[in-house]
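So, here come the structures, one by one.
Both complexes shown next keep chain A, but they swap its partner, so chain B is in the first and chain C is in the second.
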Partner chain A sequence: MDWRALRVSLWLGAGTIAILLPFGIWLGRLLAVRQFRGKLLVEALITVPLVLPPTVLGFYLLVTFGARSPLGQAFQALVGQSLPFSFEGLLVASAIANVPFVVQPIQRSFEAIPTEILDAASCCGLPPWQRFLRIELPLAWPGVLTAAILAFAHTLGEFGVVLMVGGNLPGETRTLSIAIYDRMQAFDDRSAGVMAATLLVVAVATLMVTATLSRRVGPRRA
Partner chain B sequence: MAQRRRRPHLLCGLLLWLGLGTAPEAQRPPTIAAAANLNFVLTEIADQFARQRGTRVEVVFGASGTLSRQIQDGAPFELFLAADEEFPRQLTAAGLTRDAGVVYAVGRLVIFAPRGSPLEVDARLDGLARLARAGGVTRFAIANPGAAPYGRAAEAVLRKRDLWNSIRPQLVLGDTIAQAAQFATTGNAVGGLIAYSLVLGPGFADRGTYAVVPDSDYPPLRQRMVILKRASPVATQFYAYLQGEAARAIFRKHGYGVPQ
Partner chain C sequence: MRDRRLRVRLRQAAPIALDVEFACGAGDVLAVFGPSGSGKTTILRSIAGLYAPAHALVQSGAATWTDTGARTFLPPYRRAVGLVFQEYALFPHLTALGDVMAALGHLERGKRRGRAESVLAQVHLSEHASRRPGQLSGGERQRVALARALAREPDVLLLDEPFSAVDRAVRRRLQDEIDGLRRTLDIPLVLVTHDFEDVVRLATHVLVLEHGRTVASGPVTALMSRPELGALREVTGLGSVFDAVVSRTDAARGLVELAFDGGTLLAPLRDLAIGAAVRVRVPAREVILATSAPEGVSLHNVLSGTVSAVHEDAARGQAVVQIAIGSLLLLADVTRDAIGRLGIVVGARIHALVKSVSIEVQGVSARTRTDVAP
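And now, the complex of A and B:
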């Protein structure tokens, strides 16, 4: 069992959630309540990571931020390290790859809020910000939770982008899924088996928790 | 209730463990990129280096082509041990290395058949030709000639024996020579052309039979290493250690030729 790889995986999952949840709540709500020109394009762009091979994302990230690109060199000069082959680079890649898993459940849960409730709140004189915090967010809570869990689970399982953008640097970009591949290549089937079983258990547990929560928690009464 | 009270401790423990993992960069051992054929030999040399010198290096294995590309894209490796001379040369031309480096080992190719395979192995690949004529080659593993020098050597051997065209549809290409060996040993293929150093590795003895392919059948697998400009003192020490007699003996033990 590669504990460092597990640690990288958990950090990556947590980091992805931390970045994407605020963004997802903002964008999901926007898409649920507003009609605007180009909405179809925005929705398509959000869904794209779901259907694109991870190699496409990896390719673009490397071409854009690699040490040989002007943007990559500027980033290197500014921050002092390159974005690819670093944990931060993985975080960026993971955040992009997980956008659909976060935005879509949140958008659906905001859409499910009956407009009468929102109208009533406005009628009673609640300012928009308070209406959002006290009424909308509690009602959309199951969607937000589902989004977080899906993003976390999906990040643990991400392989293609991580291999391309992160390389296989121990303690930095070697996640558990990469470590399994690495151990297989080293003919160390035992370690690979232990880690594969770990990920399997985590995945099943995650899905069971999601199912239980979505059944039990439900929308909180506002 | 008691159950419940313990949970914050668990959570704190987890967070602490996560936090401790983020060691500052300076304390990390240098990372070394190495061709996949070096899997067993370099692990052994790195362990011995750590025991004798008290400092560790991290070795990441991959296809020479992939690693070379990653270095050009900014991967923080400090030393690169390739499976050929071309990839190090490119890095030198790109101005990323201190100098042109040195040839540290010459690789060898073997034909390997897993236990229970219909393939009979011999140095001239006659058994493979017979099996191919009989239509008995379902899958045959080599490394990807595009990204792995051992794959190019395998292609040269198959061409020399006039087997390339007939066997081509049955080839499975491993990303690295290690993956090709994986395909060849797990019974997913009737056999493969893989690195001598891998079949000499731990746990390989009972997996099947092999024969060493004559060096004259393919361009020599002269393996060059280059030290990168950013290399730390520890990486520089390891670079020198690899050229010393202790390391050379280990290379020989693992089936490599060692240049003078």
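And now, the complex of A and C:
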């Protein structure tokens, strides 16, 4: 059992959620309530990671982050290390790959709030930010929860993007999925089996937490 | 005393045609009445600041909420307005108490709960304070919505089809409740409805709307006595509406005597105390005209008066006669043939015969204000 790989995987999942949720809530709500020019293009761009083969996505991210690209050079100058084949680079790649899984459920849940409810909140004297915190966010909460769990589960299982951008550096970019593949290549079936079982347990646990939380949230909806 | 008069002027051609101008004084109930799609709700939304017509002026007392001429537009959350939505729009994730507390942002944190509890008690919902909208009946939801709208002590209360989603029995109780509020609040109350019963029961003034335009407006009793309002006939049937007081009850004969400014009427006995204020509606088609008082008939009410107006409708071969009885202007629907036969002209003496059972009586609270909305 590669405990370091499990730690990398869990940190990657948690980090992806931490980066993506605020962004997803902002963008999802924006897409739900505003009509603006280019909205369709934005929605299409968000969906791209969903339809692109992970290796293709990984390839483009690698090219974008690479030492020869302006973005890669800027990061190098700022942080003093390169993005590809580092945990930070993996985190950025994972966040980008998960955008559709986060933005779409959140957008749907904000869209599901009736206009009358929002109007009623305004007529109750709630300024926009209070209306957001006290009315919109609690009502969109099931969507936010779904987004977080989808992103976490998807990050644990991601293989193509991780391999392309992160490589296979122990303790840095070797996630559990990569480690399983790695062990199989080395004919270490037992380790691979233990790690696969671990991921299975994590997956089932995630689903159970989702079900419990959504049941607790459920009766709040009229 | 603070001036709380609401003044509204809205004008635009598209996308929703609007051309209305009205005022509503404190303690008055203005019913905006018209078919669906006539722009009623848009008027309420414009007052609340949820909609911005091309040309608009909305003033509450000394405060200007909207003035497109001066580019003034106060956002809804800064207007002292209570709005009860048609489907109530309660917050699904909050209890009745939480819902009302959400509207109390202007109070200190520590005072909100107490205030919300007392407002819920006012609408008799204390025992349901911890329930969410899904656990409340239609009538209870409406009372929460009402409590929420009133909790902020608004300068204007707006009600959008407040009775459309509840059954008839609940409707009656809610109407009474709102009528009670009207007396204690002393703020302008604007009620949007497509049901004429609401107008008769609750309104002091009415504004009849068609395609966003005012067809008629004024005090309910004055407006209902005008013979030429074909628009109203279409939806309600013509009939005069006036205020009266119960002067006598006669249980033995099963009758109640109603005194109005100009005489008395007998109606079937109802659960009404002597001295109770009632609103009376006499449908125009139920009134029979006679040149001399008949004898040996079953009807109780023979009212003598003077013909004050005759409005002939050539297309229908009918006419509406307005008869002045004291200050009451009674309307009668008759055929043009009857006009000729009886020699009905303005100024002629006439008897109006009304069956007691055709008189519609509704108990209301005393109405003192009669000033005219422009």
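Here are some notes:
Assume the second predicted complex is superposed on the first by the 210 of 222 C-alpha atoms of A that agree within 3 Å, B and C clash if a C-alpha of one lies under 4 Å from a C-alpha of the other, contacts with A are read in each partner's own complex, and residues count from 1 in each chain.
In this text, a contact is a pair of C-beta atoms (placed from the backbone, for glycine too) under 8 Å apart; a residue touches a chain by one contact, two chains touch by 3 or more.
If you're wondering where the values come from, they're calculated on a predicted model, not measured in any experiment.
By the touch criterion stated above, A:Ile135 is placed in contact with chain C alone, chain B being left untouched.
In the superposition on chain A, contact is made by A:Pro84 with chain B only, not with chain C. Touch criterion not met for A:Ile149: it reaches neither chain B nor chain C. In the superposed pair of complexes, A:Ala121 makes contact with chain C only, with no contact to chain B. By the touch criterion stated above, A:Ala32 is placed in contact with neither chain B nor chain C.
In the superposed pair of complexes, A:Leu62 makes contact with chain B only, with no contact to chain C. Contact residues on chain A toward chain C in their complex (touch as defined above): 114, 116-117, 119-128, 130-131, 134-135, 138-139, 219-222. Against chain A, in their complex, chain B makes its touches with residues 17-18, 21-23, 28, 31, 36, 39, 43, 58, 60-62, 70, 72-76, 176, 178-179, 181-182, 185, 198, 201, 203-204.
Residues of chain A touching chain B in their complex: 4, 7-8, 10-11, 14, 62, 66-68, 72, 76, 81-82, 84-86, 167-171, 182, 184-187. Here chain C touches chain A in the complex through residues 45, 48-50, 75-79, 81-83, 85, 87, 89-93, 102-103, 105-106, 132-134, 148-149, 152, going by the rule given at the top.
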